[in-house]
Structures are given as structure tokens and as C-alpha cells.
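Below, subunit A partners subunit B and then partners subunit C, in two separate complexes.
Then we have the complex of A and B:
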């Protein structure tokens, strides 16, 4: 009767069906169990809390928010703060990583050793400790507002943060932006034009002068013609604190510093690996074929080096974004701090709030991975897999 | 196939076993210890002293509950929690009672699946500032930066107060009390705002306590008390009446020193379980209240030992005096 069990095909399918059923059952049971317990304990559930007034203020926000806003508003503030910190961290980490990576390959003994020391130190200390280190260092070593460091008569640094003059566009500034966009358009045209000429006559022209003139010269002359339609809002000490201008808190500075310095170590290693992965013979061959130094770099070396370097670099961007959640440890108002910190404590609905927070990080990570896959696809060796 | 069925049936039972939470009293007695959620260290309420022992007003109530349920006030396991961890720890059953200077509010009482079992300290939110700022009143704090503990009613009160006074302010929000204090000391903020009792306690732990002053303003009502899980009426009663026993003992003048003296007062005899079946009604030993007073003391003893005028924290009884002494502490009768 059970002889069908000895049929390999049936057996193969049967075990898969059983596995799926078991997983479904466990998942169903977990959800059911959760619902039952929430009901039994009389804990409020659902997402109604998002529409309730938040009632607390958030010190640092890039979008409009007051204590009258809803908890959903607080969620958006946390989300934008997380994204801003991640993007700025990624920019700094990339620049720093590139410099360190190239420095490590330098023929100068001192420079390469310094770069190596940097990598070995900052890669091997847990990121949370680095965040706390930079934060407390800043609080201990910077002066009080009334004794602030003043750079260039308008940039102030104290233990409450850094205060910069805030540029405010006046009427007419939109013309400068239009001029810049026009400059970008001209660049494309110039490129197309000279490429065509190159194809036809084989003569190569230097183009960077045109680029410079259209991208920088054009907007700048429009700006000056209109009589500099920008003014600056300078921060000023008023009572306890500086007001006006553009300010970033020490929490923000500490988290950006820690994330960039930490991730830069991995990025520099990725860049070094990429450059070293290209065989020396390739460069020699390219030069022997009559390509110039620049052409060798552009057409032979970089495409191969980047194929090795970019996937791990994007992975580091992903890590940096996830690590930004540690900002909550020093009270930066990121998603974890604001939403699964303060909001969670005011409304007490841990399950909904943690699920939403996890969904956000998952989405951010998947978006970055998607970018990685697109880059990988475009960087693949054409013809190798076809 | 059979094996798989058996396995899933077994797993069902196991998970169901987690589901059905036995009543807290039986749990505590089976474990032989009480899990009490306290602060990560707040002088006077729950902190570790020089002898590596937990002491404080909240700790005393933990000990009293252990004395009532286990007969031994030392059988307490203290679980230090941050403000944002505390409710989840209680909901999940990690702790049996939360005594973490927690403010009783309607939202917390009605929407968290938790219940407040009384008030062991009547508090209000205040402000502490550095003396050299020369600030005498909270209304002068326009434009200041405030250090706030994350996930507390303090954040909400501060926002309300600033709106009423019409002033702008900045915040520096921190997770632990230690970080809040160090941010205040380094000057990250101008004023530290939290419940007044806590301000006095924090002030004693500053490097130079005389460098800071607590402003007279009180901007909120903060009744602090023990919290238990909703739906366990028996345990709720035990916690509530442990606190009441300490208050009643003060009212009747029974202290840890005099509890062994026989008394003619029928009220005292009822309190100590010499007459009546109070302990039995609560599901406890007859000597439950005797153990509390003998091992921990009455409310006044606990107050004076931990936060009273003879301690560095130096808080007068004020609102926390008995109703007959001008305060609002009042216990229903032991009858």
C-alpha cells in the first residue's frame, strides 16, 4: 500500500510538500499565538496610533515637524534623519576610502604604512565603541557656546554643534539654476559634436575647456550679472545658544564621523583589491599597443579594477546604512531613536513599531542591493557568459 | 508520517505551554525569588551601594513584596531596565513587578496590558540648572537646551510646557541616566529636566553638587508606583496591599523595631495578622505583613533611610507625608 513511497519522484515531491507545510504551520502558529496573547493581556494593537498626536519635540529634523504632528510625522522625521546620515556617511566614507586605498599602494613607505595603520586600527574596533568615543570626545573637548571657536567670522563650533551661515536664495536665483542646466545641456552637445568629428576625421580635440566654461562660467556670470542674488543667514549667540544659520548637532557629527571612518577602512581595502587584481602585463601590453597613459587607465585598467571593487563597496554602503541605527545610542534622532525609542515608549505597541522599523531597513537594504545587481550586470565581462 | 504528526503535536503542546501563563504568585513561589524591574541606577530609588547591594525606596518595596510572598526580603532578583525597555520586560513576563519610578497615566494603565497597583511616591517634573547661569525661574529658560531621558513622560511635559510658555528650545535626548548626567555636566545642555526627586538624587552624584540648583517650578503631576500585568487580580492585590501595609504601619506607629512588642490595639493586631484572615484572603502566609515590617520597615523608615532629610538626597516628606500630617498618603483600612 505504501509502495508509492519508494518511488523516487513521489518521494522527492512529498518531502518538499511536508517541508512547506511545516514551515507554514509554524509561521501560522506563531502569528496566532501572538494574536491570542495580545488579546489575553489586553494590549492595544493595530496601526491607529500613527494618527495620534506625537506630543514630543525632536531637536533635529529636515522636514516640518512640531509636537502637534502625528506619530506618523515622527516616523517620517526618523526616516529622513536615517537617510540623511546614511547618504552623508556614504559620501565621506567613499572619498576617505579612495584616498586611503590609493595611499596604501603608494611607493612612499611612510604614506603606505600610515594608511595600513589606519585601516588596521579602525577596522578592528567595534563601531558602537567608535560612535561613543567620537561623541564623548566632542563633548569633553569642545567649548561652551559663549566660548565657541569662530572660523572665518561666521562658522561657530561648540559642544552644542557646528553652526554655519545658511545661504538663502533671493528672487532671480532661479535664473542661475537655469543657466547651470543649460550648461549641462551644452556639455552633452559638445561631447556629441566632438565625438562625431573624431569619428569623421580621426582628430581628437581637448574638450575640458568647453565643459568648464559651460558648467561653471555660464552660471557664475549670470549670478554676477544679477547682482549676487543670495544672502546668508549668519548664526548668532542669543541667550543660551546660537540661533539662525544652519546647524548640526554633536550627535549628528559623531555618527557621521564614526560611520565614515569605519566604513572607509573596508572601502579602501576593496579599492586596493580592485587595482591589484589587474595584471601588470595588461598595462604594459596596452602601452605597447600605442594607447596613451590616460587611455590605458580608462579603457583597460579601470573597467577591470572596478568590476572587482564595486560589489564589495556597495556592500559597505549597505552595512553603513544598517549601522546608522546605532546612532540611537548617543541620542541622534534617527528612525530607531525616534520611532522605536520615543514613540514606542509613548504608545507601547512594540510589535507594530518594531515591524515597521525592520521593514524600513529591509527596504533600504533591498534598494541598495538592487543598485548593486544593476551595476554588476553592466560591469560583467561581455561575451564571457554568452 | 506518524512521527511527524507526533512531533507537531508535541511542538503544539510546548508552544501552548508558553501560552498559558500561570498566576504570578505561584510563579514567584515556584522560582523562590521575585524578579523586580528597577532603574539602571538612580540614587535613593534603586541603586547599588558601597556593599554591592541594591538599595532605595523602590528597592524597599521590591523587598517588601518578597517578604510578603516568600517570607524573605532578600529573595529578590533585580533587573535593571532603561525607560524604553521597562514595559516590554513586564509584558513579556521577564519581571514580576516593575518598580522603576514609573508615572501612572491613563494611557499606560489602559493600553499596555498593565496596571498600576498604587503610588509609592508623589512627584512632579522640575528643572535643574548650573548655578552660574543665574537662572531663578524656569520661565527664564527661553532658547535653552534641555537634557531629557528618552521615552519618558518628561519629553511630553516639556513640549507642553514650552508651548504654553511660548518658548523655543533644543533637546539632548539620552537613553541612560548616566549619559544624561554626564551631558549636563559637560554643558551639552543648560538644564536637566525630569521628576524633582530624581533631580535631587542626580545632584548628589554630580562632581560638585553645589554647582547646580533645582528650580522651584513643578510643571506636572508624576505619581510613581509599582506596575503589574493586567488580568492577574491576585498578584495585583498583593502588590497593592504590601504598599498599604507599609503606609498603615507608619500610621499606627509600628516600626521594624517595635513590631515584636505585643499590642492591645485591635488595628495593629489586624495589620500584623494576629487576628483575622487577611493573609489568607490575599493567598499569603498569615505573617506576610509582619515579615514586611520586620524585614523592611514601615513607609517612613524606608523614606528616611533612602531619600529623607538625613540622606545626601535630602527630600522633605511634603506631598508624601501621611494625610494626617499634611500629605496625601492614605491607605484604605485593614479590615
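Then we have the complex of A and C:
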């Protein structure tokens, strides 16, 4: 009677129907309760709150914002702060990770042990702890603005953060940008032209001189011809604090320091694994074929090492971006701190706010993994069938 | 006939043997190497002496009040004074025997399993302990009126004890769900596969902190009126939801590493899907993924520090809390450094353990 249950096709359908019903029921139950609870507790719903005046100040913002701005403005400030912290963290982490990774493979005993110690220490301490540690260290060890450390007569470091000279564009600077874009265009043309020539004649030309001239020389000469249309706004001590210039808060410094120091350990391991994955025979074979050291590195070793190293490194970039959300713990105004923190406390619409925050991070990670897929595709080993 | 007298070989030049030889070989073999060595020595000189000075040489170990203690270096008596806070949080001191007893029971269990030689007994005992243990742990830590053990509400839990509880519950609870999700991701049934993929990728795309926020703020709204969760339970649910996705990926790796022949042989032997999975595939897949599971546990252990953001007093939160004591103002660094050292030692041991496991399970040649 129940023999139809043993039919694979029917089973498949049955299981899938059960799964869908189960998920639908859970969703229905949750949404139903949600609606009921929202009404019971008198929580507003909808995205109307985004147009309401935020009414609070944010100490650090890279886009225009005042306490008169809307909650949506606060959202954008949080988003840009998250992106800025992530990008700067990624740059520092990559540089540090590269240095440590190479150092770890050095023949020099001291250097490689130092790098290994670094990795073992900082990889095994939770990132949040490191953020709190650096922040605390900065608060207790940095001087008051009056006695700030002065680097190169224009960069000041004190308890309130770091102050840098801020470049301000004057009229005519747009021409420099146009020149730079033109330079980029010329680069592509040069590459295309010499590739074609290489295909036709087999002669390889050195091209970096053209690149340098079009990317740096062209904008620079336009810049000088127009009479340096840029000036620097130097920070200056006024009363108890510095004004002017470009400033970053201690919270920002702590989060960037912690993120880059922590992620650099993983990046260095990826780089080490990449370099170690290339068989010794590859190098020997390349040299035996008569390639120079430089060519061996450029055409044989690096492409193979990078294929192994780059996917985990991009994964670390993704992790770094997600970890930047911990900035909220020391009061840095990132997306989680501003939006899921202050705005949530003021408006109380947890559902919308947390869903929006999640959507942002999901988008960021989708973008990064899309980039990863593109990289993987371009670096794949091209087989015989292609 | 002349006999050759073998000449004794000369001993290697002193620049190639002994300490000097080692130094020449490893540190000063070329100009760049020398420069690098000197640079790293300078780096060490910059970092190590001040650090040691702060931690040991100028530090105060004796029993003193905050004001008597040195300002320029660590005051370790503070840690001594707050030790029970760091270990148990606000857990009532007359009940400390309960977590202590739990540790003793855990160690006995582990030892008992180790000592059992017979494989079959060993599996049965392990499995039954695995089932009993959570209940024992719960009743010991939380208490029960029925058993006459005083109830200690979870908002009194804290410190290292809480860190371990959160990590342990996270890994144990996420394990079975993770297995199902991993199987779901491999399933031939499209809807089930897509549901699993959607869940896993969704969770892996967002930071733990937003999931914890969701669990602590939104979760109660999803249930009928009257069902109220304790703050710790909410965080545990959040952490389990999070960890499940990662465990599922680890186990998927194991499932994919099992050779195809195993699946085919199981099918050919006429085993049902359940039999095939539970008796043939999963035991092998889990064995392969054990090192990665330990790795995932290490990551979870690091992530447990995040619960401080939703107001739960794990060890790191205690380091922040303890400095609010008016008698010990300005000793936050000591607290953070102490917590860092404890967590570091635990994580280091775990990562060593995972390395040995990797070696033990690596049967390739």
C-alpha cells in the first residue's frame, strides 16, 4: 500500500515538498508573531525613519554631515567610514603581510624567527582584544595636543588623533586629472601597440618608460605648467586642540592598527604557502632554459605562486571588511556603530535597521567574492581543450 | 709496495663550525644578510627591553593598593585581586565548587575514554557520555530546584568560565545542524540544495556582530508573547546560527574528499541513503575534516569575545568591568594583557593540537 514511498522519484518530490512547507511554516510563524509584536509594542515600521532628522553629531565623517542631516545621511556616513577603514586596513595589511611572508622564508635565522614569532603571537589573539588593546595603549601613552609629537613639521600625533596636511585643489586642478586619465588611455594604447608588434615581429620592447611618461610625466608637467594649482592646509594648534588639516581619531588609528596587524598574519601565511607551493624544479628548469633571474621570477615563479596565494588573500580582505564592524566596540562611527547603534537606539526599528546593515555587508562580500571569481578565472590553468 | 698513510683531514676552519660558523652561515653570510640581521637586532632592542621592563623588571608583584603600586609598569597584584572575577565572573563565590567539579568531571571523562582499550566499548561510552554530559554540565552550572542545587541565573556567569561555555555550546550545537546542511548542499534535490546554499552563503557573508545584534534585539519579536529568552541564550542562538554555516562548509570539504568509489560501493551493496551516509560516508568524511573542525573551533573561540558587545561578561568584558572598581582605576592595560595571555595560551595549545591531528590523519605518503 505504501510501496509508492519507495519510489525514488516520489520520494524526492515528497522530501522537497516537506522542506518547503517547513521553511514556509517557520517563516509564516515568525512574520506573524513579528507583526503581532510590532503592533503590541507600538513599534513603527517601514523605512520612513530614514527621512527623519538624525539629531546627533558624528565626530568623524568623510562626507558632509551635520546633526541636521537625516538618518539616511547617518547611514551613508557609517557606510563611508566602514569602507574607508577597510580600504586603508587592506593596504596596510597587504604591505605588512607581504613583508612578513617573505621574511618568514628568509635564510636569515633572525629575520625568519622574528616573522614566525609575529605570526604566532598576533594570530592567536582575538581581533576584538587587539582593538581594545591598541585603543587603550593610545589613550594612555599619547601626549596632550600641547605636547604632540611632530613629524616632518606638519604631521602631528596626540591624544586626539593624527593630523596631516590636507591638499586642497585650486581652480585648474581638474586639468591635471584630465591629463592623468589621458595618460591611462595612452598606456592602454601603448600596450596594445607593442603587443601587436610583438605578435608580428617577435621583438619585445621595453614599455615601462612609456608608462612612466604617460602616467606620471604628463600629469606632472600639466601640474607645473598651470603653476602648481594645489596648496596644503596645515594643521595648527589653536587653544586646546588642532584645527585645519586632515585628521583621524585615535579610534580610527586603533582599528586600522589592529585590523592590519591581525590580517597581516593570515596574508603572510598565504604568501608563504604560495611561494612554497612552487616546485624547486620549476626555477631550475627555467634557469636551465636560459631565462634570466628576472624572467624566471616574472614568467615562471610569480604566476604560479600568485595562483595559490591570491584566493586566500582576497578571502582575508573579505574577513577584514567584516571585522571592521568591531570598530563599534571602541565607539568609532562605522556602519554598525552609527546605524545599528545610535540610530537604532533613537528610532527603535530593529528589524529594518539590522536588515539594512546585513544587506550592506552581504553586498560588500558579494562584490569581493565576485572579484575573487574573476581573478580565479583569469588565473586558471588553461587546459588543452581551450 | 708502499702503503698509503691516509692523511688525517684538517678540521674545518673556525668560521664554519661552532657558534661562529653558525652565525656566519645564518646571520652574516652576505652584505644584505648582515644588514637585515642588524636591522632585526635593532627592532628587538626597540621592542623587547621596554616590554620586559613593563611586564617583569619594573613591575610590582607584591601585595599593594592601587596608589602604592608603581605607575610606570604593571601592577600584577591587581590581577591576583580580581582573579575570581576573571575566572568565574559574578558567579557566587560559595558556588565555585560547581564549575570546578565540572572541570574535574570533564577531565575524568576524557581520561576514562582514553583508558578504554576496546574499540566498541570506547565508541559506546563516548557516545553515551556525549549525550549525558550537556545535562550534567547544565544542572551543575545553572542548578535545579528539583535536584536541590541552587539556581544561579546566567547574568551572574562570566569570565573564562563563560568564554568556555559559549565556545563549547557553539561547537556542539552547530555540529548536527552543520552535518545536515552539508548533506543538504550536496543533495540531488534542488530545493533542498538551494535552501542550504542560501543559508550558508547568507550567514558567511555577514559579520558575527550583526547576527548577535539580530539575536539579542530581533529574536524575541519572532516568537509569541510570553516566550522570553535569557540574554545568554540569545547570544548562544546567534553564535550557533553563525557557526553552523562554517561547520557545514568544513564537513562539505570532508564529504568531497571521500573517494567516489566509496559512494558507488555503498550503493552497489544495496545500502539505503541513510545507511550509506551514516555507516560509510560520514565516518570517513568526519575523520578527514577533524583538523578543520578544530580550526573552526579555534576561530569560534576567538569570536566568543564578541559577546561583550551584547552585554555578556566574558573574560574580555571582565577586563573592562574590573577597571570600573574605584580602588583600581587606570589598570585596564594589565587586565587586557592578562586576558590576552590566557586566551593566547589556550589558542596556541589548540592550534598545536590541530597540527598534530593533521599529521596523525594524514595517511598519504
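Note that the second predicted complex is superposed on the first by the 333 of 386 C-alpha atoms of A that agree within 3 Å, B and C clash if a C-alpha of one lies under 4 Å from a C-alpha of the other, contacts with A are read in each partner's own complex, and residues count from 1 in each chain.
Following the convention adopted for this analysis, a residue touches a chain if its C-beta (ideal position, glycine included) is under 8 Å from a C-beta of that chain, and two chains touch if they have at least 3 such contacts.
Bear in mind that the values here come from a model prediction, so they are computed numbers and not experimental data.
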Partner chain in contact with A:238 - subunit B first, subunit C second, else both or neither: first
Partner chain(s) touched by A:140 [first = subunit B, second = subunit C, both, neither]: both
Which superposed partner A:83 touches (first subunit B, second subunit C, both, neither): neither
Partner chain in contact with A:375 - subunit B first, subunit C second, else both or neither: neither
Partner chain(s) touched by A:126 [first = subunit B, second = subunit C, both, neither]: second
Touching partner for A:110 - first (subunit B), second (subunit C), both, neither: second
First (subunit B), second (subunit C), both or neither touched by A:20: second
Touching partner for A:40 - first (subunit B), second (subunit C), both, neither: both
Partner chain(s) touched by A:187 [first = subunit B, second = subunit C, both, neither]: neither
Subunit B and subunit C footprints on subunit A, overlapping residues: 29, 33, 36-38, 40, 136, 140, 328-329, 344, 350
Interfacial residue positions of subunit B with respect to subunit A in the complex: 4, 8, 11-12, 15, 18-19, 83-84, 87-88, 91, 107-108, 111-113, 141-145, 150-152, 155-156, 158-160, 162-163, 169-175, 179, 182-183, 186-188, 190, 229-231
Sites on subunit A touched by subunit B in the complex: 18, 22, 25-26, 29, 33, 36-38, 40-44, 55-59, 67, 136, 139-140, 144, 159-160, 238-241, 243, 249-251, 328-331, 333, 337, 341-342, 344-348, 350
Residues on subunit C engaged by subunit A in the complex (per definition of touch): 26-27, 29, 33, 36-37, 40-41, 43-44, 188-192, 195, 202, 204-210, 213-214, 217-218, 220-225, 302-303, 305-306, 308-309, 316, 319-320, 330, 332-333, 336-337, 339-340, 343-344, 347-348, 351
Residues of subunit A defined as touching subunit C within the complex: 12, 15-16, 19-20, 23, 29-30, 33-34, 36-38, 40, 106-111, 114, 120-121, 124-129, 132-133, 136-137, 140, 322-323, 325-326, 328-329, 336, 340, 344, 350-351, 354, 357-358, 361-362, 365-366
